[in-house]
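In the two assemblies presented below, chain A is common to both, partnered first by chain B and then by chain C.
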Partner chain A sequence: MSADLERALDRISRVRGVRGSMYVAADDGLVVAQLLMETVNGKAVAALAAALARKVGGAASATGAGRVRFLRMDAADGTLLIVPAPRDLLVVALTDPRVNVGLCRLEMMRAAEAAA
Partner chain B sequence: MTTAVVELWTEPPLIRYLAQSSARFVVVMTPAGQVLAQHGFARAVDLMGVAALGAAIMASSGALADLMGEATFGALFHAGQRHGIHLAVCRTPRGPLVILTVFGRETSIGLVGFFFDEFAAALHAAAPADRERGPILAEDFEAELGQSLASLFGR
Partner chain C sequence: MPEDIRALSTVLAADPASLVYVDLAEVLRRRGDLEQALRVVNGGLTRHPEHADGLDCLGRIHASRDDLPRAREAWGRALAVAPDHPGALKGMGFALFREGDAHGALAVLERALEVAPADDGARRALDTVRRALGVESAVPALAPARPQPAVVPATAPCAPSVAAVGAAADAAAELPPVFRGLEGATADILLFDDRGLVVAGGLNGADGADVSALAAAGLAGVSSEAERTAQYLALGAWTTIVAEADRANLVLAPVGPGALLLVRRERGMPVGLALRVAERAHAAASAWLARQGE
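Up next, the complex of A and B:
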């Protein structure tokens, strides 16, 4: 993992309530770099996040909404956040339900810039 | 698309795997290339070719792993413009099985790999533990192959 990507993931993971963050190949759904709590199944999160991003991207395009910039999926026990990044990557964060989403999103946007 | 099995215990895990992974073609076979279950192939000659090539790839990959001092290379993945393939071994009480998955752009290698792990675990749990499948002898191979194809394609 390159130092820049590692630092970017580390900044995301410092936000209170973040369980893990990763760079995912958008086409393949494979993990490029990750920083996760032991309980998080990175392979599963990466694959499902990429599938979700692809579906939502298709829906946004079909409805004329344009390129997706931020995706948030709230569930009972956690939240999945996705930011598309350059080089066909996704920045993905898995968080507790009561995370500060704004702060997490800011760090994820920075992480997306770090991938350029 | 057709799903056909020679050994019935492979069917429920295979159907679940197909639904989860959105794979287009799946072949479950022994390391010798004897097909136990398949989805997507309409012609015996296509299935025979794919099974033989898949088994050969796994055999050469295993030999390469031996040379490198590795126990195994795990799953192999090849990406094409329209299709990708995922090729991996699954351990069961009946012996190792080689599973070839062909998928398109409606899914991804990440999803296929993730659901493959569940598929392998389900096959392991479903496999009868009464006897491990022995190696197929050369003199039995043609008869075994003929029986498999007859079961899979109803001929």
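Up next, the complex of A and C:
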């Protein structure tokens, strides 16, 4: 993992409530770099996040909304955040339900820029 | 037994190798007798395993059963036998679109129109996909354009869900006014079920055309993906998906079992405000659905 990517993930993971963050290859859902709590299954998060991003991306086109820039799935016990990044990557964060989404989003956008 | 089924059954009984099995299966499918339709078409395909019309019919039956993977497989087999089979091309376009691959659907439907340029169903489906992708239509219409939002293989109302989607969209003006009083009640708020059927509200494209059915078909797959993701990651039930996109922000939420709500707001509206609107729409939809169950 390059130092830039590592720093970017570290900044995301410092947001209170973030359980882990990673760069994921958008096309095959494989982990490129990750910083996770021990309890988080990185491979599963990566694969599922990529699949969800693909599905929502296609559906967003159908609604005329255009290309998705930020995706958030809220669930009872956690939140999954996804930001498309250059080089066909996704920045993904798995968080507690009460996380500061705005702050996490900012750090993820920075992380996406770091991947350029 | 209806007369047409009786007649076709008689022909097939007299000559089990007859290709009339496709007609019989199709009639059964249209009447909603999907299991019998499946038995008939599988029987025919046992004798004629490379009969493209039969494989196309099998695809339509699976689509009617909401079994998209098998439908796609059947249409793929039909295209392997007859690469220019119009029905299979349209079916494959439908399947790809339902799976979120609008670009793939575009390519297949363009091919469908190349091989059958007079096929108005293929033309409408192609126009719909082009609109969804923001691609200008390069194909002049043979007939005056009419809003036709669903990607429907035109050989038949191939899946009840798809046919109903088209019918529902055509009858958009008759949909129940669930979101009355909310801004964008019939243009930016959509209630649909997890099979892609429009229930209430409406969604217009940038050109003002009704894209409700198209959106419902595309978004129905998001729900199952979200469920799978939440389940695998032990996140509990998913409550909301927010997508910030180039031209609009989308909020998607389940409304009771089997129903989904989409609220679209322009990109400039803060997401927090869009979520508030979605909460109101959710409350309206929940109350309305509860009344339907009374």
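What we mean here is this: the second predicted complex is superposed on the first by the 116 of 116 C-alpha atoms of A that agree within 3 Å, B and C clash if a C-alpha of one lies under 4 Å from a C-alpha of the other, contacts with A are read in each partner's own complex, and residues count from 1 in each chain.
Going forward, a contact is a pair of C-beta atoms (placed from the backbone, for glycine too) under 8 Å apart; a residue touches a chain by one contact, two chains touch by 3 or more.
This structure is a prediction, so every number in the text was calculated from the model and none was measured.
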When the two structures are superposed on chain A, do chain B and chain C clash or fit side by side?
fit
Applying the document's definition of touch, where does A:Leu48 land relative to chain B and chain C: first, second, both, or neither?
both
Touch count on chain A, higher of chain B and chain C:
C
Contacts of A:Leu103 with chain B and chain C, given as first, second, both or neither:
neither
Which holds for A:Asp28: it touches chain B only (first), chain C only (second), both, or neither?
first
For A:Leu94, decide between first (touching chain B), second (touching chain C), both and neither.
second
Going by the contact rule set out at the top, does A:Leu80 touch chain B (first), chain C (second), both, or neither?
second
Would you sort A:Leu71 into first (chain B), second (chain C), both or neither based on which partner it touches?
second
Which of the two partners, first being chain B and second being chain C, lies in contact with A:Val56: first, second, both, or neither?
second
After superposing the two complexes on chain A, what is the shortest C-alpha distance between chain B and chain C, in Å?
6
Would you please give the residues of chain A that touch chain B in one complex and also touch chain C in the other complex?
44, 48, 51, 54
Touching residues (chain side chain B, partner chain A) in the complex
79, 107-111, 113-114, 117
Complex interface listing, chain A residues touching chain C:
41, 44-45, 48-49, 51-52, 54-80, 94
Chain A partner contacts - residues on chain C that touch it in the complex:
97, 99-102, 131-134, 203, 205-206, 211, 214-215, 217-219, 221-222, 225-226, 228-230, 232-250, 262, 264
Touching chain B in the complex: which residues of chain A?
24-25, 27-30, 43-44, 46-48, 50-51, 54
